[in-house]
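Heads up, the thing below is written out as structure tokens.
Naming follows writing order (A, B and C), and every chain is counted from residue 1.
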Amino acid sequence: MALLEVNGLNKSFGGLQAVDNASLTVEEGRTHAIIGPNGAGKSTFLNLVIGNLEADSGTVLFQGDSLLGLRPHQVNQKGVVRVFQSPQIYPEMTLLENTTISALAKRDGTFVMNFFQHPRRRKECVATAEQALDSVNLLHLADEEAINLSYGDKRRLELAICLSQKPKLLLLDEPTAGMSQQETQSTIDLLKKLSKDEDMTQVVIEHDMHVVFSLAEHLTVLHQGGVISDGTPEEVKNDPKVIEAYLGGVEEL
Amino acid sequence: MTLDQIILQLLTSLQLGAVFVLVALGLTLIFGTLGIANFAHGALYLIGAYVGLVISNSIGWPWALVIVPAILFLVGIIFDRVLLQFFYKRDVTDQILVTFGLALMVQETMRWIFGGTTQSFDVPRWARRRINLGDYIPGAESIYYPPSRLIMIGVAILAVVALFALLRYTKFGLMVRAGMRDPEMVRYLGIDSTRLFTIVVGLGAMFAGLAAVINGPVFGIDPGEGMLRLVPAFLVVVIGGMGSISGAVVAGLLLGFATTLTTASPFPQYSEVIVYFIAVVVLSIRPRGIFGMKGVG
Amino acid sequence: MKFFTTDSDAREWVIMIVAGLFFLSLQWFLPLIGGYADLAKLMLVFAILVLGFDLFVGLTGYLSFGHAIFWGCGAYVAGFILANLTSNALVAILIAAVIVTIIAFLVGLITLRRQGIYFSILTLAFGEMFFFLAIAPLTKWTNGDNGYTGAEDVHINIFGWPLEHGNLYYFLVFMAVLCLFLARQIRRSPYGLMLRAIKSNETRLTYTGIDIFKYKVMAFTISGCFGAIAGALFLIHEKFVPVESLRWTTSGEVVIMAVIGGVGTLFGPMIGAGIVLYLENVLSGETGQWLLILGAIFMSFVIFLPGGVMDIPRRLMKLGRGNKQNGQSDQNGQGS
């Protein structure tokens, strides 16, 4: 079942066509990677879907509802959660507080003035928060202040914060950028576990080919704003158009 | 309106605008280069005003025009070295708070030394006696205007032109402009940003002092002047665009004109309000100001 | 920052009762330390003002210099009602609160579209605009420069119960405790938590599905409502509104009180109000430069003790543990 359907998405800045008639379909439960050389339009694509930029034309449907024209918090309310490349955490709060706020915010997503404590609701949120921390192996640091974490742990906290929102679709923005070999591998394992255990639909924007081919069940390749290839890893790997786009490029395919 | 009246309004607008511009220039320099919102800028104006008062009443106003900016330049440098430099990296809120606190202290110190009543500048007699500009302008009949105010406008224009030249044609100016565009880059290029900042603060203070000296004879001075000047200055900066020199000039003149025209209009009681009203409107419609860069604020 | 405190209703009552008792005792011990009984009334009024101010600034981190608008307008509106409509204080307070809350909402809608310094400057602009409006164009209503004197001779009461002297004091204590209670509820609620999240990381909260603009406007409006009530109470106490109440410098006083007391804490703002008013009272008797001294004290706090008076216990504890702490690394062993 298609969770996210993008059709004919276009965005230009002045004379530059950043996203050119891009279309793709993300199936539920799949890990779908979007790759492409630098300047291919991946970031623009992400920003269009997430509500940060206004598209010129095209459609973006999430479970049948259009995401275009919605602001970021509204897109999030639909269940599309963006995992930031540079971790967006609440530095002075503990890890548990970080994830609990996210769980609580999710429940308060619609604007409801709430002056009185609801003990039951808070307990539920704490439970969700602890579970999220557990799935990224950070539960033992629940009472630690977020600012004290190592960079790698901060990125895991970022993921936990996103998980505590009970997302329907995770949009991961270069999840392994700047990581060491070891950290990259543990991130890959973590994402794979999420995909398997929780049937989590993931859209991963990535540069690192090793990560892409370890994780992705489906690939879309962007080049100069347009989609030049779309299919399984095997298909894409052997597509001559893709090889040509990466000529002189990053890693061996 | 007759030509006479038009010219008179024009001159008054320029004069008011000149003060707005000069104070705002200093402020936008400091904000654009250091990124600090200097709530003590009014205090710098105030110091300039009182120093100008003392010099004016002893050796004469023309001397004050020269000495006060020089003294204020030094004051600015001291201000940066002794206080501001410790707040470069701190929260915006802290910067506002500490400069506000300083402004309060300066105001009260001035009140202590000089008393709370309004004091006036002694301007030389020849500058005070109004001349008929109508004699010099073809088509005009009688426009009585004191030379001192003509000098004010002239000095202000000179100062602005000098600043433009400094920024455009000197290496120092290049660094300031680069710093205003991209503070990080400037640091990477190995430019001593500390010294740059200090000089910029000195310059900013200098302009505030100049504004005070040329404006002092018009309205007189009391300790509350500093705070009074601060908000319009900020508004000029924000309307023109934070960190934009030309923006400050345009916005300052705009506000000068608006105030004068409102005073001459059927609704003179709104002449003070108009400035704030324009600010609210501009900032609501075009948040970055007239010449402001996108992504700022 | 532990926000999970025990959910004890009993504890809430105890806190409010203790606070109430403390407020009640003010009028008796102030004269003992150089103050005078009526000063307590002024302290209570300002306590409410700064409390409301901190509900916005302390929780969201946005520095507003326009709080005087709500204070001043609340006072003017209340005065007008009392002078022309009824001598019932509750009616005046209610109407003032409603009208000024609407004003706060509108101002918030415009100013909160900007962040940081731009927001602060916009609030400054609004503040001065209201002040100059009161002085010139609206003189017919406000009595311009001289301040509002329309309610001078009104025998203010609450449904017949005269609101003067001792009665007024008890009423003010009641209002102060009420406001304290409301403020505490707001801070501890999920709503208050969202506001603190805004201060901590706006982006994160936006991408968690929260329309932060709505929350900010709401907080600003609530804060304005508190300000209006405080302003109305001020009028009831002084029966006069100085036009300076609207200036941004009055907003500055509020900022000073909040900082000295401790921004972001529950009791800090009220303590700050008390301290500043007490100092003003004591110092202005001794020297003409009390404002200069206040400025110096304020700057010292900003530079050395930004957490205000409420932060002193924590600082002392840190100093005490200081030597032992220095050798410890993070528990997870890794630096960032």
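Definition applied: a contact is a pair of C-beta atoms (placed from the backbone, for glycine too) under 8 Å apart; a residue touches a chain by one contact, two chains touch by 3 or more.
Here the structure is a predicted model, which means the values were calculated and not measured.
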Linking chains that touch, what shape results: line, ring, star, complete or other?
-> line
Most remote chain relative to chain A, going by C-alpha centroids?
-> B
Geometric centre distance via CA averages, chain B-chain A, whole Å = 49
Approximate Å spacing (C-alpha centroids) for the pair chain B, chain C = 33
If you average the CA atoms of chain A and of chain C, how far apart do the two points sit, in angstrom?
-> 42
Check each residue of chain B and list the ones that touch at least two other chains.
-> none
Please give the residue numbers of chain A that touch chain C in the complex, ascending.
-> 71-74, 76-77, 81-82, 84, 88-94, 97, 101-102, 104-106, 108-109, 111, 113-119, 121-122, 141, 144, 148-151, 153-154, 161, 165
Within their complex, state which residues of chain C touch chain B.
-> 61, 63, 110, 113-118, 120-122, 124-126, 128-129, 132-133, 135-137, 139, 248-249, 252, 255-256, 259, 288-289, 291-292, 294-296, 298-299, 302-303, 306
Which chain B residues qualify as touching chain C in the complex?
-> 37, 86, 92-94, 96-98, 100-102, 104-105, 108-109, 111-112, 227, 231, 234-235, 238, 267, 269-270, 272-273, 276-277, 279-280, 283-284, 287, 297
Residues of chain C touching chain A in their complex?
-> 1, 3, 7, 182, 185-186, 188-191, 193-194, 197, 200-201, 203-212, 214-215, 218, 330-332, 334-336
